[in-house]
Structures are given as C-alpha cells and as structure tokens.
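Working notes, structure below.
Think of it as A, B, C, D and E in the order they're written, each chain with its own count starting at 1.
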Amino acid sequence: MFPYLETLVFLPGVIGVVIFFFPSEFPKRYYKGLGVAVSLVELVVAAAMLVQFKTGVGGYQMVSTYHWIPTFGIAWSLGVDGISLFLVVLSAILFPIAIFGSKETKDPKSFIAWMLILETACVGSFLVLDLFDFFLMFELTLIPTYFLMSNWGFSLGGRAAVKFFVYTFLGSAFLLIGILALVFIHDGGTGQVTFSIVALAHTQMSSTAGRLIFLAFSIAFLIKAPVFPFHTWSPDAYSQSPITAAIVLGGVMAKLGTYGIIRFDFQLFPQASRSLGWLILTLAVAGIVYGAVTAAGESHLSRLVAYSSLSHMGFIVLGLFAFTQIGLSGAVLQMFNHGIYTAALFLLLGMIYARRKTLDTSKLAGIQSKAPIMAGIFTVVMLASIGLPGLNGFVGEFMILLGTFITHRWWAVIGVSGVILSAVYMLWAYQKVFHRRDPEQRSFKDLSIREIATLVPLVILIVGIGIFPNVLLSRINPSVHKVLSNSTTQSIVYHSSLGKVAGR
Amino acid sequence: MLSFLPYVVGLPLLGFFVLLFLGRRLGRPAAGIVGSVAVGLAFAGSLFVYSGLVSRPANQRIYVDRLFSWFHSGSLHVNVSLYLDPLSMTMVLFVTGVAFLIHIYSIGYMGHDERFHQFFVYLNLFVFSMLILVVGGSLPLTFLGWEGVGTCSYFLIAFWFERPAAASAGKKAFIVNRIGDAGFLLGSFMVYKYFGSLSYSHIFSQSSGVSHEVATWISLLFFVAAIGKSAQIPLFVWLVDAMEGPTPVSALIHAATMVTAGVFLMARLNPFLALSQTSSMVIAIVGVATALLGATAATSQNDIKKVLAYSTVSQLGFMFLGIGTGAYVAAIFLMVTHAFYKALLFLGAGSVIHGMGDEQNLKKMGALRRFMPITSVTFIVGWLSIAGVPPFSGFWSKGDVLDSAFVKSPILWIFGIVAALLTAYYMGRETYLAFYGPSRWSDPIKPSAHPHESPGVMTYPLIVLAVLALLGGALNLPFGSKIAFLSNWLAPVFASAPSAPQVSSSLEVILGVVDAVVALTGVGLAISLWRSRWDQPALEPKTLQKAYYVDAAYDAAVAVPGTWIARESNQVIDPKVIDGAVKTLTDLVSNTGKLTRRLQNGYVRSYALAVSFGVVVLLGYMLTRASS
Amino acid sequence: MSVPGSWYLILAATLFGVGAFGLLVRRNILIMFMCLELMLNAVNLTLVTYSRMLNDIAGQVSVFFVLVVAAAEVVVGLGLIVSIFRGKRQVTADDLHILRG
Amino acid sequence: MMYLFATVLNGSPIKFPQISYVSILPEIILIGVAATIMLLVALIGRTRATYGYTGLGVAAALISGVWSYHLNQSVTSHGARSVIGGALAVDGFSTFFMILTSLGLIVTLLVAEAYLYKVAARGPEFVALTLLSASGAMLMESAYDLLVLFIGLEILSISLYVMVAFTTSRKLSKESAFKYFILGGFASALFLYGLALTYGATGSTNLAKIALFLSNNTLTSNGVLLAGMVLILAGLGFKVALVPFQFWTPDVYQGAPTTVTGYMSGVVKAAGFAALLRVFFVAFETLRADWQPVLLVVSVLTLLVGAVLAVVQKDVKRTLAYSSINHAGFILLGLYVATAASIGDSLYYLFAYTVMSSGTFAVISMIAHLEDRTEMSLSLTDLKGLSSKYPKVALSLAILLLAQAGAPFTIGFLAKFSVLSAVIQAHHYALGVLAMLSVVIAAVLYLRITLSMYSPVVEKRDVSDEELVQAVSLGAVAVEVEEETQVKVKSKIPLPAGIAVFIALAITIGLALDANPLVHFAAQATLLK
Amino acid sequence: MIATITTPDLVTFIAAALAALVGAIGVVTLRHPIHAALMLVMTFFAIAVLFVEQGAQFLAAVQVIVYAGAIVVLFLFVIMLLGVDKRDAIVPKDTVSWQLPLGLLVAVAILIELSVLTKGVWATGTHSVTSSINGVSNIAVLARAVFSTYLLPFEATSVLLIIAVLGAVVLARIPRASTEEEIALEKESDVKEEVEQK
C-alpha cells in the first residue's frame, strides 16, 4: 500500500528543509507557488487517505513502525484513527489556504520553508503513536511558529513569540517529565522500556502516581489549547503573528492540546482522567465564560478571536471530560469545526488589515456598505462561530453540551451561557466594524476573486459540515467509542486483573 | 400529495439561493418578483399538501418525512425529518400566505432601496427558516428554524445598518433571543436525558412517562425560549427596538410570524404542559401580565410603529394566557387572526410612513384619510378587529382566550378584560391621530412631505388582509362543534391535553356580550378622547411612554455593569491579574538574576573568596560525614 | 626522633591558609601572585612531609613536578602581567573590574 | 645510554616502563606538530597568511582524532588497558574524550583562521599553543594518576592563559586573561593541596591504587581523605565552572578572543569533566555516599545560576557563558545519579554540548569577522539586522542556539532527554522538574539572541522594555512593521570557519536523526576501569 | 611524644617554622612589593630547611635554586621593569568592604575545618614498600622514581616548559598600539566599554 502516513508526515518538512538550501538565484516569486503546490499535494494525499480510511472501525489504521533508537526503546510509529483523521485533514486543508492567502513579501524563501516544516510538525503530532515522537513533534511546532511570529509578525511579534515559546515550553517540560515517569513506571513493572502508547496504555500504577502524571501531561495540553487560566500567551501570540501563522496557530495548533488529552490523558490515565475530570471541567467552564466576557471588552480583532478561542476550546474540553460518547464525538467534531471557522476569521482579518492597516474596532466602521461580499462571508463565519444551527459550529457545540448535560448537569448549564455570550461579543464587534457608516468615508475595496477563492473552500466546509456532519461523525464515532470503552474496561480491569486486557 | 412537503419548504430556500447569487443581476423589481413567486408557490404547494393531509382520517393526520440523518453518535440520532400535523399545517398555511402578501407589498415598499434584492434574500431565507421551525421533526431541527428566523430577524432589523440605532436594535434582538435559546437548548437536553431521543414522534409517544417535576422543568425551560422569541416579560424589550427595521419586516416577522413561534412551541409541547399545572399557571400569569403591560405602554406611544409593537407584545400575552389556561386552540386561533390584523395594521402603518416620506411620529400626522383612503379604511378594519368588536375576527379569537381564562381564574379574566379595553382604546387613539383630526404634517422644514396613497402593489395586500381580518373569525365560530373548524382540525394535536376548559353556552354568551361591550367601550373612549384633540400629556404619562422604564432598568442593571465587567476583565483582570501572575513568576526569575548578578562584582578577589567559601562549605559538610 | 609529621602538616596548612588569605585581601597583582607561590610551597611542604611519614618517594617526586609547574606558571604569569601593565604605574587588581554582572 | 647512566648511579638497573607509543600517539602528534610549527616559523619566517600553519594544525587534530577512533575500536574489541606504568588508561572513556577533543580542536583551529589574520604576526604560535593545550586536555582525559592529571591540567591551563591573553591590546581581554590566570592558579593550588592530602590519606596518587586501598581498608579517620576529595572537586569544578566556582566564567568568556572562548567552552570543559568523572568514579567510588549529596546540591545550584543569571545579560558571549554553566549543571546531574546509564547519558550530553557550544562560538567569531571587528563585546542589540545581512549565518546560529535550548531533531534535545530519563529512572522526580524549569528559563536566553538577530535595525525612538511589554499585554497597539534599514553587506564568509560551522551543524542535526551511533559510542565510554 | 624529639630537630623546626610563618605573614601584610618579595625569599629558605630536616636534601637544593634563585628574582625583575612605586596597604579604604573580614573568616574556617577533620591523624596511607625513600641516597631514589613510575609526567613537563617559552615569546611580542591614531582608538573603545558596562 502507498505509504500515506509517511508521506503526510515527511513530505512538507523535507521539502521545507530543502528549500533552505535553494540557491539565492532562485526567483523569489516562485516560492509561494511552490509552497501552495506542496501543501496541495499534501491535501491530495490526505484526501486519498480519507478515502482509504475504513469507516466503522475504531482502532488505528495504516499502522507502520520503524525502530528508531532501540537503546531507548524509541520507535517511529505512525497510525491514524477517527480522532486524528480529521485533524490531519484539517491541517492539510488549512495549510494551502493559509499559504495561498499569505501576503508576506519579506524573505519568502524562509517563510515558505518554515510553513512547510510547521505542517510536518502539526501533521506529525497527530499521526505518531509513540510518546517520544509525539513530544518531538509537539516541540517541533514551536520552532517554525517562533520564527514565523518573530520574523514576519507585527511589531511586537518577537516578544509575543518568546512569550509563546516559553509558556508552551514550560508545559512541555512537565509533559516530558510525565512521559519519562510513565515510561519508567512501565519499565519497572514489565522490564520493558517503550514509548509506544499502545503498550503504555496498560501501565499499572498507583492512583497517586497516575494523577500526578496525568496532571503533568494535562498542563502541557491545557497550555497549548489554551484553557483558562493558562491562556495569556494566546492573545499576544494571535495578535502579533502574521495572519498566515495565526491561522495555523488558532486553527491547527490549538487542537494539539485537546488531541493530546484524548489520545494520551484518556488512553494512558483513564482512572485519573475520571477522578480529576471535575477539575478540568471547571477550568473549561470558567474559560468559556471568562473568554467570552473578556472578548466582549476587547477592541483588537485578533485578540478578540484569541479570547473567543479560549471560550471555544473551553467547550471542546468540556465535551472531552464529559466522558460520554456524544460529548466526546462532539468535541472531536468541534475541533475540526473550530479550526475551519477560526482560520476563516483570521483570513478575513488579514484582508481587513491589508486594507485598513489596523484591526482596532474603534478605528474601523461601515465596511458592510463598501464591501458587501466580505461582510456576507464574515457574517457566515461569525455565525458559524456563534454556533448557529445549519453551520458547522452548531452540531459540535450541541453534542458537547448535550453530552456534558447527561453526566455533569451544572457544568453544562454554565457552559450554555457561553452560547449567549458568544453572540454578545461577536455581534458587538461586527456592529462596530461592519455596521454604521465610516465617518471618514474612506474607500474600501471588496474582496478580489483571489481572496474569494481563498475563502470559498472554507465557507463550503462551514455550510457543508453544518448540514452533513455525519460524514465526519461516522468516522469519528467508532474511535471515540473505542477510547471510552478502553477507559471503562481499564477501570474495571484495574480492580480485578490485567489478563483480560492483554488478551483483547 | 403530502410528499410535496419538502418542496414547500425548499422553495423559499431555492429562492434564497437564486437571489443570493443572481439577485444583484436581476435588479428591481425582478428580484422581488422572484422572491414573491417562490413564496407564492410555497403557499400554493402548502394548499396542495393541506389537501393531502385533510384527506386522511382525523386521527391519522400526522405525516413524518425523514429526509436524511443529520448527526448521530452513540444513542443520539438526529434526523432531518419533517413532522406535519394539523398544528404545523396551520402554521405552514398562514406563514406562507401572510408572507406571500408581504413579499408583494415589499416590492412596492422597498422599491427605492439600494439593497432591494438583498431584502428579498433575507425574506426568503426567513420564510424557509420559519417553515423549518414549524415542520421540523425534532427539537434540534426546530432549533435550526428557531435560530434561523432569529438570524434573519437580526439581518432585517439591521437592514439599514448605517443607522446606529438599527444596527444596535438588530444586535439587541439577537442577543436577547439568545437568552431564550439557552433555555431551548437546556430544555432539549432535559428531554434527551429523560426520553433518550429528540424527535417529536418519539417524545410524544412517551411523554406521559415523566414526573411532574421533570415536565415542569422541561416546559419552563422551553417557556424561557418562548419568552425570548415572543417578547414576553421580562424579555420584551427587543421587540420595540426591532421597529428600526423596514415596516414589512415588522409586519411579517415582528407581528405575524416569528414572534408567534414561542406560542407555537408551547402549543407543540403541550403534552408537557398538560403534566404540569405549575408551569401552565406561570405561563398564564406571565401572559396576562405582558398583555396588560403591552397595552398600557401602547396607550402613550407617539411612534406609529411603536404603538403596534407594544400592541403585539400585548397580544402575544393574550396568546400565552390562552396557552397557560389550556386553551391551545384559542391561542392558535388568536395567533392566526392576529397575524391577519396585525400584519394589516403594520402594512397600513407602512403605507402611511411610505406616503409621509418616512415620517413615523403620530403627532405629525392627522387627516390622512383624505389622502390615503384605502389605507385608512383597511386600517380601521384592523383597528376594529384587534379591538374585538363583533363580528370582526378579533372578537371571536380573543373571546375564546378570555373565556378559558375566566374558567381558570376570574382574576386572570379581569386583567385580560382590562387589557382588552385598553387595546380598543390605544388603537383608536392611533387611528384618530393618524387619519383624523387636523393635519399636522405641513412642516415648513420638510415641504416635500406630501402624503399620497401607496401604489397598488402595496394596497392590494392591504385589501386582502382587511378581508381576512374581517372574516378570519369564521375559522372557529363558537356555534356548535361543526362550525368550529379549527377546534376540530387541531383536536388530535391537543388530544393529550386533559381537557380544554369548557364553558357552558349560556356563560359563553354572557362573556361574549361582556367582551363586545368592553370593546365598544374602548372604541368609544378613544373616539371621545382623541376625536378632536391630539396633545393630551395627562393621558400619555412618561412612565407609560417609557414602558415602565424596563429598558432603562436593563441598561442600568445589565448593560452598564456588563460592559464594565467586560472592560475590567479585558483591561485589568486578564493583563494585570492572570497575566500579572505569569509576569510575577518571570519577574521573580529576572529579579533573582538581577540580585544575584551583584555578587559577580568584577573583583577577582571576590571571585576567589567565593571559591574559598565554596571550599569552606564543602569542608563543613564533610565534617558531618567524617568517621570519628 | 624528628619532629612529628603532623606539626609540619599543620604548619603547611597554616602557610596555605595565609597564602589564600593574602590572595583574598591583597590588590597588588604581584603580591597576589606571590601568595599563590606561597600556597604552592605549602603544598610542597605537605608532600615532602607525607613522603617522610609514608616512607614513600612519590611525595618528593610530586614536589619535583610542582616546582616545574610553578616555574612555568611564573614565567607565563609574569609575562602576562608585564604585557598587561606595561607603561602603567599601578598594578592593582581592582582596576580590572569592567567585566562583571 | 640511559641504561648505562642508571647503572652507574645505582647498582641495579632502572626498570623503564613499557612505553606504548601507539597509545599516546594522539598526544604525540599534537605536541610534535606544535613543535614543528615553531621550527617552521623559525626557518621560514612569518607571513601574514597562516593557512599553512592552520592546515598543519587541523591535519594534526584530524590524524589524532582518527587515531583515537582507531584506539577506540581496538579498545572495544580487545578491552581497556593501562599503559606506561599505569599512568595512563586507554579505554572507551579516554578515547571517547580524545575524539571529542580532536573534534573541538578542529573546529577551533578552523575558526581561528579568520581571527589569526588579524593577529598575523603571532598566528603560528596560536596554532602551536592550541595544539599543546589540547594535548594537555588529552592527557587529563586519559590520566590514571593524579599527578599526570595535574600535569595535564597545567599544560592545558598555562597555554590557555596565553591564548586568552592573545589580544591584550584590548582592555577586556587583558582583564579576562588576568582573572583567568589568578583564579586558575588558585584552583590549581587547591587541586594540588587536595592531591597532597589524598596522597597522605591513601599513600598513592595512582587512581587504581587509591581505589584498591580504599576498598581494602576501612579508615578509622577519613577526614584527610574527605578534605582531599573536596579540594580536588573544587579544583576540577573550577575548570568546568560549577557553582560556586563559576565566577570567572562569564568574565573570561566575554573578554577572551571568541575562538578561545569556544575552545574553553568545548574542549576545556570536556577535559575537566573527564577528569572529574575519572577521579570520582574510579578513585573515590567507595566514597559515593559522601560525594553524591554534594553533587546534587552543586548541580542544582549550577543549573539554576546558569539559567537565571543568563536571562539578565546583555552581552552575547556573557549570556552564552552562563548558558554553559547551565549545561554543566545538566552534565553533573547525570553524574549525581551515577548509574551506568546516567553516566553514558552525561557523556552523550557532554559530546552534544561540546559540539553545539564550539559551533555557536564559531558562528559568533564569524560574525565578528564579518562585521570587521577584531574582538568585541557583542551586545544583543549589535546583532540586530543580522538576519537580513547574513541570512545563512543567522540561521546557523539560530539552529545551534535552539539546539542548545533543546529543540527537537537536534542532539541538544536528545542530550537533555537522555539525562532527564536517567534522572527520572532513578525516581528523582523533583530534580527532573527542577532541571526542566532551568531549561525553560534558559530557553529565554537563546530566544533573546535569536530574536535580536531577526529583528530589524530600527532607527526609531527607543521604547523601553517595560513599555513594550505593557503594549503587548494590553494589545492596544497594532503598529505596522517598521521599515527596515536594509544594509546589505557583502562580506565573504571565511571558508574554514564555514566548514567548522558546517561540521557542527551536521553533527548537531545528523546525529540526532540517526541517534544510534552516538548513543552506543557514549554508552561504551562508560567503561571507566 | 614531644619528649622523644631531639633538641636540635626541635629547635630547627621551630626556627624554620617561625621564619616561614613570619615570611608568609610578611608577604601578605607588607605594603611594598619588594619587601614582600624579600619576605617570600625568607619563607622559601625556611621551607628548604624543613625539607632538609625531613631528608629531602635534593628538593631543598632545588627549592633554593628554583624558587629563591629564579622565581623571586623574576618577581623582582618585573617589579623593577614595571617601576611600581605605588604602595598598596592591606587595609585602606577597600572598594569591597566585606572582603577583608570575610577573607579572614574563610581562611580561618578552612584551617579549623581541616584540623577538625584530621583530628591529628594526617597520614592514613600505608607505608610504601616498593618505593621506599630509605634508599642509597635521596637523589638516587628520586631519580629511580622519576625514570620509572613517573616517566610519563616527567616527559610531559617538557611540554610545560615549551609552553612557558612559547608563552613568554607571545606575550612579549604583543604589539602595542603603534600609531597615535590607534592609541586614540583604543582609548575611545576603552571609554565606550566602560560606559557600556555601566
């Protein structure tokens, strides 16, 4: 079989590295095209993988393993399941769009190279089945992002980049300790050093150890997502990144956190995930409300999106820790959806910025009368983000809240308030920016064909998934079911014996 | 024939897409015609579907059309399915019908607007959403329509978004509605939790299985949704602001159809209400209070549309009174007739505004009957109808509601009667201020304002609606069960309801007479007070003008502190407290660094001292380790 | 019988301490350097004493090497000092404290 | 002749030890080539071009490296041996370090080429001194006797004093040379005193004999021994810059010629650690309970001081000096854990660190050359605009710095990972967390340097740091990116330095992608005895 | 134990020890470098005496030749060369106020700690059998050791001497700023550095 996953993981990164070695005579204007082409190839491969993916199966598919550093028990192991599937597809969709929509003129060579490396890091993080590899890829995302942010970002991009890097790195520090602790506890029990998550899933440990390691893992993921109160890097990072990077940051990289929770927290520490779920749920709910309220007071659009992401990621985390099939499926679906509409929002912000050189709501007004198409598309995206039924944001949100309501009623009740508040800040901002009349009556060009072409795929996805979310859900559900049944089986086995699981 | 239902729903959607992509190219009036035709065909189609439904025996008049699976996970299966029963059929019919008329009217009314085609884009989308709302086969699908109409309402209120007031009003409507939506969502969750499904056919077949408490919770949560959508106390404030939208919008959305969705929802969920006397009572009380509040506020408004807006609030209150007292049919009956006469009144008001060159202040009108004969006549029909003067439709429908209120509790009835009296009065006041008395519009500043009758495209819908308002009572005349068409038609829907309160025919006659007298009294009062006068501050107290300052209270209690909290959260808590904590940590590091680096003072002796010091410490430690 | 080795060793330790103390408190570069030599001599004394106490030649051999090292160090060190302070009237270590922090 | 002389003196002949020249060939080559260079200078005279001498030096380093590798191979197949009367050991450990030293030496010499051009008159001497110094390092690394160790240490140090002082026309250079000399002398004295006390306590200076003595005898009074051990620790700790013996490091690193700084941070530190390891794990193995807590405290302090003080610095070389202190703490961490695996991990770390650090200073030195400044105190702001002027240089530096920070797909990451895994495997969780915290703090310093490289030269009003931070956290500003003042300077990157940096980069990334060789290599080097 | 010590030994030891100590203290305290250097010579001599007292005659000789004869002379040369006449006292207004007390404390602490650690037992090693010093003559034993066990370090010291020569050559040849312009530049850079540092 064609090595889909290997191609997906390595293609962009390798080409990205090669680009660094291109001679300086290579014409600068071709780099962007090259970047788009490579990421489109990636998209095609991802689509082919999507077609190959068997529905109704819960486990990993297309698994391949290569023993990388046998001394440390490290293998290079790839595999895809319903949870990672659409995150990979999401990355494959967003990268060509982001690169195509980029307007960076400075040093396009490095820009494209870093973007492609970032794609490898993102896709790799979703596809690897080995904790070491995951950590490697998880960390690797920081470097291109750091450079993109500091070199092509806004005036304070450098500082935001450092803040972002250090903050997330701090989380990773705990993650690494957690990984090692887990591996060596497993080693102590079985005498086998391995980083394979499949093998480590059945590690026996004391509940205290489980909880501590769970927290070590979680802190990294909560920072990455971000979840209240570990979010303060995100407004700075989102607002100071070049739009292209912000798309990836908000669209794809935030999902690394929630993906990590499902893949690692739930599968490796089912006990602790449940016993400490209330803590994370509370943070999630606090984030939903806090993010929305703070967004309402925000006047910078990118920062507003950052706070809204805080709120939305809160929803996703809520769905995860509801520990219901509905909530978890909804959360996985919502990860994809959030990526789509956040990316679209950032693209639109980029277009506004290109015209007005500001994203301050107090300096923008009356765009709708000058640019109805932009306003229309913005409205659709905004409504998707608010969670309007019929658009993609709704189904996930509904399932999350429903799933949470079943097991954690009061958290869901507070979470529902996010539905109200999201309308408040979004419409408020929309009114300021698009409605009213521009007091200075400046000209404002509507979207060009190119820009529309950038946005249309996303709008189609927004509407399409809003109506036919089953296309995704039918692939997501079996894997989610497996995750949940694994964790419940495990919790039973934990009290009796390990034999059953091993036999399964 | 029933299978034609998806096309009925789909036609406005088709219209929407055609107009969205080709609207600008079609230009005017073609875009308007396309929009109207789409809705017109939908109306025709719904008649066709109706004939299919009515041909079935009464107890089998439920048609479920499962189109495709929307989303599923675990035990949750939500389908996109249409659920047609007499209740939704009624809604489909009057929604498409009234909407068709208003579409036609809009061709004239919006004729000069620069975003003419866009108006129809929104209108068609609205009709589609409204249809989904009424025929949706499961709670999420209803919610889709519910949110869809809300969104269209937002678009249309803010249609003239260059005006800050319009933009704000649109936003306000959406946000206030969202509060209700939260109730809807929570209600749905409760339903799923206790029924394991969200589709109506499943829920209704098992509804008797839940406890009183659960039923109360579910019905109250949905009532929260209804309060938002149908502008009841305490969430009615958005509806008055919504008058910033074009008048056809006010007529269609904020009078005839969307705002009644709450009533529809409660009627749809009657099995739960049937199980919970508590929530029924709550609904009735909220309804009658709203009716009274709306009516009193309407007596003192000077804006021609705001009177109608408060009137709508008040009438919706009547409908909820009906729902709360168990008179579902009466509520639906009132809803339908209200759609006729309120649409008529709004369109009439629109005609006046159109003719007056966008003047809305009643105090600057007067004597318009001479210039706008058709408008004034149809408006008067609307007035008498809403006032409940026999034999206009309002008399019959409102009478039914009040009757059941009387049976339930005379106190409710008394409040209802007072509200009815006021209804007749304030509409009379409006009619007199607009069409009678001296003309006050010859404003030297605006000499161009020259009132004129509206074109045929606007007046014909008025005439049709006037006829409907006059004769709409025929739908459910209280003269024996055979003529009570609506009651029979809707009976299967409300079969689970314990028993609609029955009044003895003699009492019914007495109450009818009382109603008529009250209506006439109101009319007489209006005539006597406003026939020759137009400025009576004593009759227009500030408190009523401001609708008991509820809006201001919201500003003070929610908006101002809300803004403050948001700003504080954004500018103080996030950067100073949370990020501040992070920064404190980083500062701790850098300050430690700054302090420690002072030890590195540059003198080589000091470095040697440090080395020696290290040796001293190490030796000191070894002292503890040395064997004796 | 000769004086016990420990006396010598205590003397050496004291010399070492005095040398170290001198290094810590003096600012004349040359004198600091002399203190270093003093410390090396203290070590030499220690080594010779141990050599006697252990009846082992290794200690004396060590002294031999230390002498060579000290010589080399002095040559280079003084060369360094000369090249640094040539033409300056002052050889105070405290003048050299630009690098710090 | 020798034999005759000896017979005359004393009736019995002197038993000369068997000299295995093969085993000390690397040192011999270095010393021999150094001497040859001096001879050539005397014969040919000086030219401004020093290619020839550098070439000779590199060749010597290369050959001695290759030979060390050969020794390493033979040792792994035939087992370790001690040579020349037990004074030297040839084992996996020493050969590992000798290869590392050769590598560092090659990088240093290649980079020095550009620097030497500026001090042309003394170029050959510099090459010779570097070779001699490296031979001292190799001696330290293979020494099996404290006395040999001391001689090696002095060979290394004394030549280093001269190298640091090579550009004394600058005040900073003078100061750093002086400080290094005085403190180095002090440390030597401490070490020597420690040696003397150890000798007194155990009756020998030979590591094996010390170990044997200690395992055979239980001392009733081990005070002298402990004091000796502590003083030796202080003396060696000085060389590898452990807290509190680290004070010289920032000053000297900053003031020394960058080439020499690179050499110090790489080769010298490696040699110091080699000595430390050898002494403590061979001679004082039995005293583990006594020195382990000391190493714990020292390594924690070293980690923290290195990281925390680095982030408040403004000078690039000074910052890197603190970073090297932080690295030393990490290496020591592995020694503290003191399992076979952890020592291998420490060695791996040391190798990675030496390569990365040498490479980093090589780039810094290259920048000095490109900017046409002989020596400089390179502040962070001086680096601004570097990326637009020399993108390749900037990228190389960025990669090396990030590797030092522990970025994935570099040996820097694997190094940190392996040391940490040893720490965690030994259940020192809190220590692991602490170490990672120091890594996070230290990351700031690397990022700050890259940041200034990639930020444009802005000729605008100075905005204070506080203001900027304020602005970021308020998000109130969406200032446009200032137009850069584009200064395209087309200085040519010197080829030798380019090769040096390339070597460093290739190892940094290449040995991370295929990690097995180095992992095995380091693991085998743990065969200490 | 003291009773068994012969008087000449005791007297010699005490005299030499006193001389060494006085010399050392003199080095540390005397203000003028030349005086300090002379005091250093005294210590060296005293130590040489102590070497002889312990049977290390050869080393005593070397000590006198190398230290007193060569090293101190070198010191004196440098003092003359630099023409240092500025005196530096041990206690003048010190820039680092805590240096002196702390230095004293540390030095004393090291001494105390050492003596406590030893508890009078200084040499715990076993007596050597293989390389005993009770040989024919001190020089012969020493030579035997140097050429057998310590051959390698002995050879290595030659490298040290090369370095010493090389170092001296290099350091002596360091070019001074030759032209006036360069001197000006140097001063300027010095000032700049100082400013930067502050």
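A few comments on the model shown:
The criterion applied here is as follows: a residue touches a chain if its C-beta (ideal position, glycine included) is under 8 Å from a C-beta of that chain, and two chains touch if they have at least 3 such contacts.
This is a predicted model, so every value here is computed, not measured.
The minimum number of touch steps linking chain A to chain E comes to 2. Touching chain B and chain C at once are the following chains: D, E. Chain A has the C-alpha centroid lying closest to the overall centroid of all protein C-alpha atoms shown.
For chain D, the chain whose average C-alpha position is most distant is B.
Centre-to-centre separation between chain C and chain D, using Cα means, comes to 26 Å. One finds 65 Å separating the Cα centroids of chain A and chain C. With each centre defined as the average position of its C-alpha atoms, the distance from chain B to chain D rounds to 77 Å. Annotation for chain E: residues 95, 99, 102-103, 106-107, 110, 113-114, 116-119, 122-123, 125-128, 135, 144, 149-150, 153, 157, 160, 163-164, 167, 171, 174, 176, 193 touch two or more other chains.
The set of chain D residues touching two or more other chains comprises 147, 151, 154, 158, 161-162, 165, 168, 171-172, 178-179, 182, 186, 199-200, 203-204, 219-223, 226-227, 250-251, 469, 473. Touching of two or more other chains is recorded for residues 571, 575, 579, 597, 600-606, 608-609, 612-613, 615, 619, 622, 626, 628 of chain B. Under the contact rule defined at the top, the touching pairs of chains are A-B, A-D, B-C, B-D, B-E, C-D, C-E, D-E. By the touch criterion given at the top, residues 597-598, 600-605, 608-609, 612 of chain B touch chain C in their complex. Listing the residues of chain D that touch chain C in their complex gives 147, 150-151, 154, 158, 161-162, 165, 168, 171-172, 174-179, 181-182, 185-186, 188-189, 192-193, 195-197, 199-200, 203-205, 250-251, 254-255, 313, 318.
By the touch criterion given at the top, residues 166-167, 229, 231-232, 235, 290, 293-298, 307, 324-326, 329-330, 366, 368-369, 372, 383, 388-390, 394-395, 398-399, 401-402, 405-406, 412-413, 416-417, 419-420, 423-425, 427-428, 430-431, 434-437, 467-470, 473-474, 476-477, 480-481 of chain A touch chain B in their complex. Against chain B, the residues of chain C that register as touching in their complex are 20, 23-27, 32, 93-94, 96-101. Residues 95-96, 99, 102-103, 106-107, 109-110, 113-114, 116-117, 119 of chain E are the ones that touch chain B when the two sit in their complex.
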